[in-house]
Every structure is written in structure tokens, then in C-alpha cells.
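Each remark here refers to the structure printed beneath this line.
Letters A, B and C name the chains as they come in the text, with residue numbers starting at 1 for each one.
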Amino acid sequence: MTFEVRTRVFEGPLDLLLQLITSHQVEITELSLVGIVNEYVQFIDEMKELDIEGTSEFLLIAATLIQMKARHLLPDDEPIDLDDELALAEERDRLLARLLACLTFKDVAAVLRHRMDAASRNVPRLVGLPDHVVPPIPDVIIPVDADGLAAVAHRLFTTQFEEPDVDHLDLTLPSVQDAMVDLQGRMASTVTSDFDEIVAHCTRDVEVVAYFLALLELARWGIVRVEQEQMNSSIHIEYDETAADQRFRAMVELDGER
Amino acid sequence: MNSDTTRHLEAILFVAEEPVNTEELAEVLEVPVSDVIAGLDELSRTLTDDRGIVLKQVGGGWRLYTHEDALPYLERYASTDRVKRLSNAAMETLSVVAYRQPVSRGQIAEIRGVDSDHAVRTLERRELVREVGRAPGPGQAVLYGTTPTFLEKMGISAVADLPPLADHVPPAEIMETLEMPMRPESSSSGSTNS
Amino acid sequence: MNSDTTRHLEAILFVAEEPVNTEELAEVLEVPVSDVIAGLDELSRTLTDDRGIVLKQVGGGWRLYTHEDALPYLERYASTDRVKRLSNAAMETLSVVAYRQPVSRGQIAEIRGVDSDHAVRTLERRELVREVGRAPGPGQAVLYGTTPTFLEKMGISAVADLPPLADHVPPAEIMETLEMPMRPESSSSGSTNS
């Protein structure tokens, strides 16, 4: 089973999420957040091979989705922190509002393009004055000096306009997979740690997000236990060796079957 | 029989390389604005559908254009490819600027969910958007708005002539589709369905 | 009631930059030359003395001109060209001509990524660039170069005095300033340099 959306062109994380959601429109009753989150996260793993801009935005939205998913997966008898619940609801509403705004502007953009195309069917005259009308040469201010002009030229000659959206971006994405391997390795030796320590070596926000996603994934498998006293306080991480061993054995067995 | 004002209006609009507003026309022709308006009306009637040229009110002024029926022949005559179409990214960014102006790059990115600096720069180079001010407060982000060129390319004379945005808000069933998977209850092995 | 041929003729002559001969018009409109001649005759009668535009046969072809009565107004219109500061589009085009001269419009458009004909014309009118030759080969595109006025405005005595580009990597803050639409203050030299 392949996702049709995979072959489509999408621009940015909201666009991707919109496509994932609407591609499920036919089976609306079976819509599940978990399915969409899984697909979304799968995309992030594949993103290294795609030229996509705004990668940290992808990961941030994924983090929100995963948070929502994690909330769904909690057993009902687990005590619920109302503050967390409220924060999550706000996050969800914000994401929803953004999706709606994004859709609205996509829709109106098509209308504006149509109008523009229609208007461009009328061609203006650009020839200007007849030769025998010789207007005084308007005085002109060149708003930069010679160095400024050189800077303008430099920028033009070094920018490739035909291939937009790629060359000015840092596309080396941190791998969530690598972050998981690293995180698990470090946790195995230190047993307890906190998130700040784990990401101390990261130089980019997007790397931190990758580690956060890795952490959520390991927590989902029970390999680590995660605690956070309150929002914005440090995230305490504890390694569960038994769970890690079980997981490891399961993986080896899976590999052996192939 | 056209008035002198009408004839001179036609001559000026023939050579003008951008829309000219009535005040400017009145100044050049040394007649009251009301005469200009009457002259434009007369010119417009003279240039009826059986002519190759039309008069349009666009971008805050008036400009002569070829009749749209002639487009295929013009394309063959000039054989130059017409102005490159804007990408979807640029078109969406342009829509956000048009309806949210004055707006910063950060706000555009927030709405589109994707970095839009490249699109903004493309639109600036095409003179469809421009800096219209600076945001108050720290950072003083550049705020963007549309240009008279934008209005002209849209074939309208003011931003207020754009189709109302409210008409393009997704219908209820799409909103529901979006909201459904995000409902807290949706994935729990729910017994009740609202 | 004008024929389609007459309307399309008018549209083509409206946008044409030079006189167009009957054979060319016939080819573009896909009609016999005799139809073109009849159409030109009809157009000429439509554009009688009470119009601001006239049809003239010049240099082996046909071209639309403004009526001579309108000349004083055209001169006044031309001298009200109040735009004094070069637009970003014109600035970019000027920098391309300065560093790549002799250069054709097509090459400029390729470098800038957008059609630059209008900017070239603006620069020509302000005597900052001019035609300096023709490209060899088919088409013989006009090649542009800078003028003595340009050198004077830039405060240099020869094109060779322009800052070299190869080692010209502008400091980050200048680049940032350039990313923003250029403002008059941007040329004042900053006091601090990182």
C-alpha cells in the first residue's frame, strides 16, 4: 500500500498536512490522528532525499502532532494535568486555524491568478513618446555609490534565479534515526540524564527538534521514561534497560526472519 | 465629434507607459478634473467593441490596452514569450500580502507555513509588492504591501476591488474534515459518535 | 462597424515599436495583402481628425502616431516625469549593464530572472545607458553600455574604475540592507564594522 500523496508536490509542512488529511477525505469516518501522524513522521524520515524548505517547521508541527497522539495513547486512568490538557488544546486550535488560513489563501490565490491571466490579455503600449518629442532629461538620483552598485551586481551574479528554493537553504537535515541511536547509546551508559544535557552539543534548533522526536519515539517504546515537572522545566530522562533489551531482541528476531 | 480634451487625452494615454490618474491628466491638459472625466467617458464610448484598443481604469489611473481578441495575433507578431507566470508559491505569497497588508515576512511565513523570503523577493523584483513601512517595536520588521503595478496587473484600480476573502474560507465540510482527526475523542475507542 | 482585420491591425500597430509593412501584417493576421490594404484604409478613415491618433505610412511600413495638435501636451506630460529616484528594478538593471557591457536585453533578463525591457528604457531615457552596438549573428540584438552621465553620477572617470566584482564580497550588513528595498540612508557608510 503506497500513499498517493507521496508522488505529489507539496510545499511546506502545512501543505503536506493538508494533503494527508484531505487524501483521507473519502474514508472520513475512519480518520484517525494516529494514522496521519505516522504518515507525517514517515515523511520526515524521508525528507533527506527531498528538497524541502522550512524543515524545522516540519519538525515543530510533527512535535505538536505527536504530543496530541501521545495524549490519545495514554490510558484513561492516567491522571490528567489540566494545564497540559489546556496547552495541548490551544496548540491544536492554533494548528487548525493555520490550516484554515493556509487553505483560504490557496483558494484565493487561484482566483487572483485567474484574474491576472484575464487582465494580461489586454496588452499596454510600451513604446513611449514619439521620437520628435524630446522631453528634458529628468534628473535622477542613483541611491547607492559605486560600492553599492557592485554589491547589487554581485548579488545578482551569484544568485541563481531559475532554481529557486534550494540553493539558499541548508538542506542537511538531522536524522531522527541517528538521534535515536545516539540517544539510546548515551542513555545506556548514563542511565539518567535530562534533555538539556542530551542536546548540549547541538548547534541548530532543528537538531534539537530531531532529538526531541527521537526522545518521544523511545518513550513510546518504553525504552526511556520521561518526566517533566511543569512546562518549560527540564525534561528528566530515565533509561529502562529491560525494556531496551526486549526491544533489541525483538529487532534481532525481526532481522533474522528476513 | 470628439472634444479637443478627448483627443489630447487619447494622445497622452497613447504614449503613457503607466496608468495616469485624472488629476495628472487635468494638470497636463490645463483643464478642470471634471472635463477630464467627461473626456475619458467620451473616449471610452469612442473606443467601443469594434475597435482594437480599449480604455481601462486600473492601478489608480487610466490606460489604453489592446482588445483581448487581438492577443493571438500580437503573440505571433512579437513572437516573444509573454511574461513568465508566477509560481504557486509566489502567487500564494502575493495573496497574503494583498489581503493582509501591511504584513511582515514572518507573518507571511506563519500563514503559509513555509519560509517565503524567496517568493517575496521575486514579487519585489516584479514590482508587485514593496516595502510600505516598518513594524513598531524591537526588530522593526519590514512591512510589505502591494504596488500600483499589482493593481494594474490584476486589472483593478484599488485593493478594495479584490474579491472578498470571506468568500474563500473553506466550506463547513472541509473544516470538519480538518478538525476530525484532531478531535481529542476521535481516536479513543469511542462508543459515542456526535 | 470595423472588420476584425481592421481591429487586429489597430492592435498590432498600437504595440509595434517600428513601422510594419503590409506583407508582415498579412502574414501575422493570416489574410491576403489585399485585405490588409482594405483594413488599413478603413482604420485610416476611423482615425479621422477628431481623434488623438493618426495612421501614417513611413519607411516602407505603417505606424500609429499621436496627432500633431497634441504635441505641446505630450511635452508637458513628458516633463512631469517626477520619478527621480531609480527603482530597484532599474538599479539592478544598471548594475548588470555596468558590469556586463556590452549586453543585450535578453542577457539582462536572463541574469535578473525577469523581463527588464521597461527598466532598460527608463535608464536610456535618463541617459544612464545607451545602445553601443549590435550583437553578431541572427537577430542582431541591440547591445547596451553605460554613458558618460553614468560615470559622472557614480563619481568615477571610467568603467574600469568600478569596484572589481571577483573579490567584492560585501559585508553581511550591506547584503542585508540590499535585501530590503533600498533606502536613501543605506548608502551612508556605517560607523561600525564587524
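Here is the rule we use: contacts are C-beta pairs under 8 Å (C-beta built on N, C-alpha and C of every residue); 3 or more make two chains touch, one makes a residue touch a chain.
Treat the numbers as computed from the prediction; the structure is a model and nothing was measured.
S.K.: Taking each chain's centre as the average of its Cα atoms, which chain lies closest to the overall Cα centroid?
M.R.: Per-chain C-alpha centroids ranked by distance to the global centroid put B first.
S.K.: With chain centres set to the mean of the C-alpha atoms, which chain is at the far end from chain A?
M.R.: C
S.K.: Using the average of all C-alpha atoms in each chain as its centre, how far is it in Å between chain A and chain C?
M.R.: 44
S.K.: With centres defined as the mean C-alpha position, give me the chain B-chain C separation in Å.
M.R.: 23
S.K.: Could you state the distance in Å from the CA-based centre of chain A to that of chain B?
M.R.: Roughly 31 Å separates the two chain centres.
S.K.: Which chain C residues reach two or more other chains?
M.R.: Counting only residues that touch two or more other chains, chain C contributes 11, 14-16, 66, 74, 78, 92, 112-113, 118, 121.
S.K.: Counting only residues that touch at least two other chains, what does the list for chain A look like?
M.R.: Chain A, residues with two or more chain partners: 123, 125-130, 133, 161.
S.K.: Give every residue of chain C touching chain A within the complex, in rising order.
M.R.: Touching chain A from chain C are residues 11, 14-17, 65-66, 71, 74-75, 78-79, 81-86, 91-92, 94-96, 98-99, 111-113, 117-118, 121, 125-128, 153-156, 161-165, 168-170, 174-175, 178, 182-184, 186-187.
S.K.: Which of the residues in chain B end up touching chain C in this complex?
M.R.: Per the stated touch rule, the residues are 1-2, 4, 6-12, 14-17, 20, 24, 27-29, 46, 50-53, 64, 66-67, 69-70, 73-74, 76-78, 83-84, 121-122, 124-127, 130-131, 142.
S.K.: Spell out the residues on chain A that touch chain C in their complex, using ranges where they run on.
M.R.: 123, 125-130, 133, 135-157, 161-162
S.K.: Going by the contact rule set out above, which residues of chain A touch chain B in the complex?
M.R.: 11-15, 18, 21-22, 24-25, 28, 31-36, 53-54, 57, 61, 68-69, 71-72, 76, 89, 92, 95-96, 98-113, 115-116, 118-130, 133, 161, 164-165, 168
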